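Two complexes follow with chain A in common, the first pairing it with chain B and the second with chain C.
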Partner chain A sequence: MKHNYYIFKSGRLKRKDNTVFLETIDEERKYLPIESIDSLHLFGEIDLNTKLLNYLNSYGIIINFYNYYGYYSGSYYPRKQQVSGYLLVNQVQHYLNKEERLFLAKQFIISGVFHMVRNLRHYENTKEYIETINRELSDIDEVPVIPALMGIEGRIRNVYYSAFNSILKHGFLLNKREKRPPNDPVNVLISFGNSILYSTVLGEIYKTQLDPTVSYLHEPSTRRFSLSLDLSEIFKPLIIDSLIFYTINNKILNLEDFDSKEEICLLSEEGKKKFIKEYEKKLSTTVKHRKLKRSVSYRSFIKLECYKLIKHLIDDELYKPLKAWW
Partner chain B sequence: MEFDFQTFKVQGIKVNYYFVCKRKLWLYDKGISMENESDAVLEGKLIHENSYPKAKTREIMIDDLLKVDIIEGDYIKDVKKSSKMRRSDTMQIAYYLFYLKQLGVMKKGTINYVRERKIEKIELTEDLENEIKNALLEINKILDSKKPPRREKLPYCKKCAYYLFCYVEELDNET
Partner chain C sequence: MYVIITYDISEKKVSVVNKLLKKYLTWTQNSVFEGNLSVGVLKKCLMEVSRIIDKEKDSIYIFSVEREQNIKKEIIGIEKNYDDIIL
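Let's turn to the complex of A and B:
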């Protein structure tokens, strides 16, 4: 079983013989067996060298870096072992063809919104929000271009976020979604959660032959692996938002886990650890797949979404996005 | 019609996959491989690396297309994990023998199922040769196709590295 390692301490990460060795500034020493690493997430200030990078490269291990505030800042993405020029050509072709691109972009949104509504259904007093969202969603078939689609998505998201206040307990409120910098605890959790999800999705894309830079809903950009953003739309409400409700309402996270400094709100290290612990638990939770007749973890659902996308791109099977049925 | 070997020759593994699953053959050819995701594949690789450590000629590349495990005297030997895919293994070796024959080299072959301590001998017959020719024609047709061949339910699908890929599907939710 492979693990994600989250390192909060500062120190040095290096190759030592045939293993990865972490030495922190308070002289804690730890071996991370190479076969057990799925990916590394560095939150602290870590020194590392090319010897380590080359070593991780041969095992295809991605390192994700996060800044001081805990937000994703970048990844070390080793050379892909498995590439398919054929698939890449098809991936690009589906981007260039307006109809094809719009089709895929819509599927990501339809699935994302389905999971938003699924979240809201769990709680009372959300009926009106659900109705408003469904009304907005019914226009999606007619949408002719991506910006109009983004418009619908934006309006739905506003309604969805305003429903958070009917769900969250213990003094947590979301006034307005604020990204940079997030200025209240719920905004912080959304940003932090989306950050780690983004890197998880990237890790799963990396295991396939998909090119993470060619995307459909989001414009392919140079700053981001935008296919990871596309697929995250499906999993943000399914994984992150439900986790936010869970950790807040069950008092796993308290207001004391957040510090506000000069308009900037921060999740404490303890808070991050608690959230990540629940996140990892969620990712490894399994559901019996009704078609595959196998137990599938939430993490695997991300990879399965990549597979379905590949099948669509090679003209094998029309892409139908995940709609959680359990 | 004269069989034009040069036009139709392919990698040995593709002949093997042709007899296992035509869809797998197509996907593999397009670089869509799942091999690094599968424990069974890793196991096979380890068996390969650790069998016959004393053999002098190991992993011989021929024409950048065929990788023959061992060549010893009149025999080429191929190491396999288990005999469950006997037919496709046989055809792969028969293809090697046929290929070598085109180069003017006459050999016989064995498949060494090391874990089962079983050795299967293969000689190139006219029937086998014809089967190989047909397979090569079909393989090239499949590889030219724009789409992968449709999924076919085979008894070993569940053990295949492509199982999740082939069988994942969304059903409509009941409302």
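Let's turn to the complex of A and C:
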């Protein structure tokens, strides 16, 4: 039962008594039991030193850093212990082979869209949107190249986002998906949610032998761990979007949790905390797995997806993406 | 598994045991630790503890519940949360 710790306070994080010790500027002291830390997420202004990093290293704990606005800015990774040259070679080979790459890219989109439709089905007045999405999706089999696939994905996403307005209540509206910078509350939530999901997926990839920089749907480029973007396609609608509907429609988040300044909208600290609390709850929710015959949490589903990908890459079992059956 | 560990230990060893338990659980009261641990990690913890203490003089009680929902906890006065993950 390891936790993610989210630290919003400012202060100092250090190694003390062979565990992690947080000392905040308002003189609050707290020990975080090292054995229960999965990863640390630092949102506040935190000082730390190499002694702590070395110690976290030996436990394989990742630290994720976020900037003032709550966007993911980077991570500190312990030396990678799970390495496999064999898998890396295969991973790259699947990227270089056009058909293999297209196959994997399609799987990510098919699964992502499946979960989008699954979200929409829960609500009334979304029939038209679902039909439009399914029509777009039927073209996917004949797509010859990745850019065309991205085109279909973009069109589906537009339809999907326009359905948000008939789902969201209490005065929340999504006019147009706007990323840089997000300019209304719903856009802010999508961006914030996706950014914490990326770091979660990355953390799970990091526990396996996969190389996070070699990806299939997104073009692998420098400065990005694009494999976590690929896998996030599957989980964004499943976890983040359903969480957005849940938090807004159940009045967990209100319009007061957002500050708008000169066309930029920000989620307040209180709002971030509320959202993260629900996010963590969601990640630890379990579902009975049909094949494994035991309960599996949403977080483990992310790791299982990595394992399935590995199996595919080493020609053990054809990759079948997750399609939530519950 | 939800675990509560309490101890009564001679002065010399108190701080050693306290330090060790801090690695695994949250220190909620002077000689009480609480938290969620997996069965394996709990075993590891107890093994380390039993290596340190003097079994003739010291005592450590371990209360554990498999499902946390099955425990009823009431608090009078100050509450120290063991499962605060947002700080």
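Simple rule for what comes next: the second predicted complex is superposed on the first by the 326 of 326 C-alpha atoms of A that agree within 3 Å, B and C clash if a C-alpha of one lies under 4 Å from a C-alpha of the other, contacts with A are read in each partner's own complex, and residues count from 1 in each chain.
The rule is simple: a contact is a pair of C-beta atoms (placed from the backbone, for glycine too) under 8 Å apart; a residue touches a chain by one contact, two chains touch by 3 or more.
The shown structure was predicted, so the numbers you read here are calculated from the model rather than taken from an experiment.
> Both complexes share chain A, so when I overlay them there, do chain B and chain C fit or clash?
Taken together on chain A, chain C would fit alongside chain B, as the superposition shows.
> Could you look at A:277 and tell me whether it touches chain B, chain C, both or neither (first, second, both, neither)?
Second partner only, chain C.
> Contact-wise, after the overlay, does A:314 reach chain B, chain C, both or neither (first, second, both, neither)?
first
> Quick one: name whichever of chain B and chain C touches more residues of chain A.
Tallying touched residues of chain A, the top partner is B.
> Go through the superposed model and pick first if A:35 touches only chain B, second if only chain C, both, or neither.
second
> Return first, second, both or neither, reflecting whether A:264 touches chain B, chain C, both chains, or no partner chain.
So A:264 meets neither chain B nor chain C here.
> Specify the angle subtended at the CA centre of chain A by the CA centres of chain B and chain C, expressed in degrees to the nearest 10.
About 60 degrees, rounded to the nearest 10.
> Taking the superposition on A as described, I'd like to know which of chain B and chain C A:83 touches: first, second, both or neither.
A:83 sits against chain B, while chain C stays out of touch.
> Just chain B (first), just chain C (second), both, or neither: which does A:25 touch?
neither
> When the two structures are overlaid on chain A, which partner does A:209 contact: first (chain B), second (chain C), both, or neither?
After superposition on chain A, A:209 lies in contact with chain B alone.
> On the overlay, how many Å separate the closest CA atoms of chain B and chain C?
Minimum over all C-alpha pairs: 5 Å.
> For chain A, what residues appear in both contact lists, the one with chain B and the one with chain C?
Chain A residues touching both partners: none found.
> Can you name the residues of chain A that touch chain C in the complex?
1, 3-9, 17-19, 22, 24, 30-31, 33-36, 273, 276-277, 280
> Write out the stretch or stretches of chain B touching chain A in their complex.
For chain B paired with chain A, touching residues are 30-33, 36-37, 146-148, 163-165, 167-171, 173.
> Give the list of chain C residues in touch with chain A in this complex.
Residues 1, 18-20, 22-27, 35-38, 41, 45, 83-87 of chain C touch chain A in their complex.
> Along chain A, where are the residues that touch chain B in the complex?
60, 81-87, 207, 209, 289-292, 300, 303-304, 307-308, 310-311, 314-317, 320-323, 325
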